[in-house]
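Below are two complexes that have subunit A in common, paired first with subunit B and then with subunit C.
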Partner chain A sequence: MAKENLSVWTSIPFWRRSAAWVTGFASILLIWLTFDTMGQISMGTEADLAKGITKRVPAPTVINYHIDYKMSEKRGHEVPVIGKKQPFFGKEWSEKEAAALLHLGKLTSQAKNCMNCHTLLGNGAYYAPDLTKAWLDPAWQKSGAMQAMTGKNTVEEAMAEFLQHPSQYPTHARMMPNLDITAEEAKGLVAFLKHMSSIDTNGFPRNFSKTVDQFKNGGTNAH
Partner chain B sequence: MLTSIKSNHLTSSGQRLGMMYFRVAIILFGAQLLMGLIAAIQFIYPAFLFELFDFSVARMVHINALVVWMLYAMIGATYYMLSDETEHEGVAIGLGKLAFWVLTLAVTIVVLVYIFIQIGPGKESTIWLINEGREYIEAPRWADIGIVVVVLIFYWNVFATYLAGKKTGIMTVMVANLLALAGLYLAGMFFTDNISMDQFWWWWVIHLWVEATWEVFVGTLAAYALIKIIGAKREVVEMWLWIEVLMLFGSGILGLGHHYFWIGTPEYWWEIGALFSALEPVPLIAMFVHVLYDWGKEQGINGEKPAINNGPAMAWLVTNAFGNFLGAGIWGFFHTLPQVNIYTHGTQFTAAHGHLSFFGAYATILIGTMYLGLQGAYGVKQMKATFNSKMGLFLSTFGVLGMGVALTIAGYEQVLVERAELGAGWNAFFVAQDLPWYVQAQLWRAIMGVVTLLGFVYLVLDLLTIGKKARAAEA
Partner chain C sequence: MIDQFTDVVPSFFGMLNQGPLTLTIFLHTVIVLPMFWIYASEKKKLNK
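And then the complex of A and B:
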């Protein structure tokens, strides 16, 4: 250390200072971007929904609306489209009820460890289908295999029925195990899934469940 | 069983404490491999342990054992280096020992609850007592708080010893980096109904650990190991360490953006995440060059013969240099750009990268450090690789590489068929999972998993016996 350095490139103090500056600068930039992102991903309100203001993460009351996932020419990928009001489990949920239901659903998704088989927003394990847009999946719609199998008439009822008795409805050798999900918890989980499908994920997953025919028609198969 | 790893010849109580952490780390490493094997079998025979010990349970214990064994080995390595670098005994090693037993008891309870209770009702109490259901940081909240307390004791030990002893460049980086590493855990300790917000902060823990602070930790370990094993010059090693810190944090901190492409976060993360994460392999190339350059140019600089005084540790260190660059660097770069990642995100590609990088970047160097610890523990001047050391290194590396290749092929199938052809969704997922080549890849993954486990058996055998043998040879 006492030896004099011939070049700055082999000087420890130079690299130490540079490391400190670069780390500090990167950290400050990250914190600044984090503040901006926090604002953009905070949940919207019922007023936003009523006025048609688009939020990246809408209010829990989005469960009272029809949700679709459509190509946006402007953005070059699919975006969630929140449509007209639509009953959820046969009723319209107040702000308080919707928030409580979403809370129960999110909590249940963690308590039942969904993420260690499924992916949520693409993160988790790869043993079972991605749940990001599961609410919009053709399999759960009218004429879809899953809805038909449960004998229910709406997406939410079919999903709730399946979640309570998954191994009664086997489709493949790989099945979802029974996780002792109660009827209330199942409703919460479906609300959580419907809410997640309304999040603006910058077009992930791309061409969601597009079949060859729909590809030709230039639409998506969401519904 | 592992008490047959003696630490009689260590004069420092800090180093003995380090050895205690290494012993638990190895047991947890074994648990990780067994759980991985169960999960791999379930991919091929889904009925295996169905509704008894489901994939979600095996997978949760698999990745938790991974994180915890690595943290144990890191704490062990830190305690081992601490008294060596600072030339100070350690300020409160007695308290550190108490913290070790508290942590080990807590880990045991958490694992038993994972295995036997598994899940709970959708209530706050489940998150507090059973499991938090967030990948990698599933530990229930009570354990989170316990971990924070134990880590505070550990950190105080390191920091106060650093202040009281000699302040080398390596320890300066270590002390600063550990503060960030420990502090980041707090970002994962809250509940929110907003899944985007949830994952935003979740990545602060996961990414800023494995792609920033853990990598810097590896840099400090490599620096220390090069000085110990081949007698590299401290000035050279410490200069490289600062360059690595500069590049690792310069790319890794904002590289966090590559996890913010699709979770509800704004589009500007595409550019920021792509740019900085694409730079993340650069420091890994630097670390690779540094280790190999020093190996060639620095060994025996003090005129000592033979120059490498710990064969297995050096072999694992060089495997780390390759593995970190290959598994974290190349396999990470493969799918880090959003244009590619929109198709690969959430497929077996990620699993391939995960296996190669955790092994290449972390398992290798931590095992190498354990060999350094053994050398000290048995007071051996010259530790040569045995047949078992070579088999352990070769089989586990070959096994993990094989798993990585198999999962890459599985991921490729999945990307093309599930994502590109059919556009994700429930049906698309199952069509891809049933493709013959996908199934074949999963079979190879399981076979390579067995090879890895075999390597682990040799490794444990070696860790249990090499010290005694080397000691006998020198006597």
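And then the complex of A and C:
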């Protein structure tokens, strides 16, 4: 048979099969990725914490533990390290209580629209400091400027005090307004912040420790 | 080429995601290779 000049590129079945293959494969891939992501972001349990199993998002009872932030040479950025038990507002919270407190904190953060100025886990604004790792900010720790200013002895009490009367404390160049946060809501918000700081965010926000050092050397913003 | 796995939660995609573009290049390769076969089989059909 004489060789005709047949081109596959103009053949409709070729394009139809290619499109079917690409669409089909991409659909399967997206479904697979969805399940893969669900495994990554699902919250851990109290049992995981007790056994020291690292989850990207720990159980709400992580508020009963000391949380540290350490450089991991292996991963090339800082990771939250869940340490020993530490009372939160002077007590240990049960699974149910911790979940309820965290839920209250989340609802309050939405009701008071924290994200309008702050950033939480990459969402929100950069008008006010990034709150993703606020719990770990040395300014709130013992001998830190923020804790000293509020006259409290623990990070959680200092943060709760500040949240209830933010306009009393000169902090940022752009001071936080009074949002009528109640004592209970403030507790919830602090629990929400503590839990958030324990989430493994692949080192986000970047250079946390570097900016903390700048802060210690007289900078004005710890984030 | 395959480095030690460093992610918190083990995952197939995490394993492939060794650096910039590695996952992208892999997935594109996987998608494009069967298209050579589709091309060849269509060519065969047309020649018939």
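Things to note:
In this section, the second predicted complex is superposed on the first by the 177 of 223 C-alpha atoms of A that agree within 3 Å, B and C clash if a C-alpha of one lies under 4 Å from a C-alpha of the other, contacts with A are read in each partner's own complex, and residues count from 1 in each chain.
Following the convention adopted for this analysis, a residue touches a chain if its C-beta (ideal position, glycine included) is under 8 Å from a C-beta of that chain, and two chains touch if they have at least 3 such contacts.
Remember, predicted model here, so these are calculated numbers, not experimental data.
Between subunit B and subunit C, B contacts the larger number of subunit A residues.
Touch criterion met: A:L6 reaches subunit C, while subunit B stays clear of it. Looking at the shared chain after the overlay, A:T54 reaches subunit C, while subunit B stays out of its contact range.
Of the two partner chains, subunit B is the only one that A:T119 touches; subunit C does not reach it. In the superposition on chain A, A:D36 makes contact with both subunit B and subunit C. Looking at the shared chain after the overlay, A:Q110 reaches subunit B, while subunit C stays out of its contact range.
Of the two partner chains, neither subunit B nor subunit C is touched by A:S94. In the superposition on chain A, A:Q168 makes contact with neither subunit B nor subunit C. Within the superposed three-chain model, A:S18 lies in touch with subunit B and with subunit C [touch as defined at top]. After overlaying the two complexes on the shared chain, residue contacts for A:D200 are found with subunit B and with subunit C alike. The contact surfaces that subunit B and subunit C form on subunit A in the two complexes overlap at residues 11, 18, 22, 26, 29, 33, 36, 40, 56, 200. Residues 6, 8, 11, 13-14, 17-18, 21-22, 25-26, 29, 33, 36, 39-40, 54-56, 74-76, 79, 200 of subunit A are the ones touching subunit C in the complex. Looking at the complex, you find that subunit B touches subunit A at residues 39, 42-43, 46-47, 50-51, 54-57, 59-60, 118-124, 126-127, 130-135, 138, 169, 191-200, 202, 235, 238-239, 242-243, 245-246, 249-250, 253-254, 256-257, 259-270, 272, 342-343, 345-348, 350-351, 419, 422-430, 433-434.
Across the interface of their complex, subunit B is touched by residues 1, 3, 10-12, 15-16, 18-19, 22-23, 26-27, 29-30, 33, 36-38, 40-43, 56-57, 60, 99, 102-117, 119-130, 132-134, 137-140, 145-146, 167, 171-175, 177-182, 185, 188, 192, 195-196, 199-211, 220-221 of subunit A.
Residues 4, 6, 8-9, 11-13, 27, 30-31, 34-35, 38-39, 42-43, 45-47 of subunit C are the ones touching subunit A in the complex.
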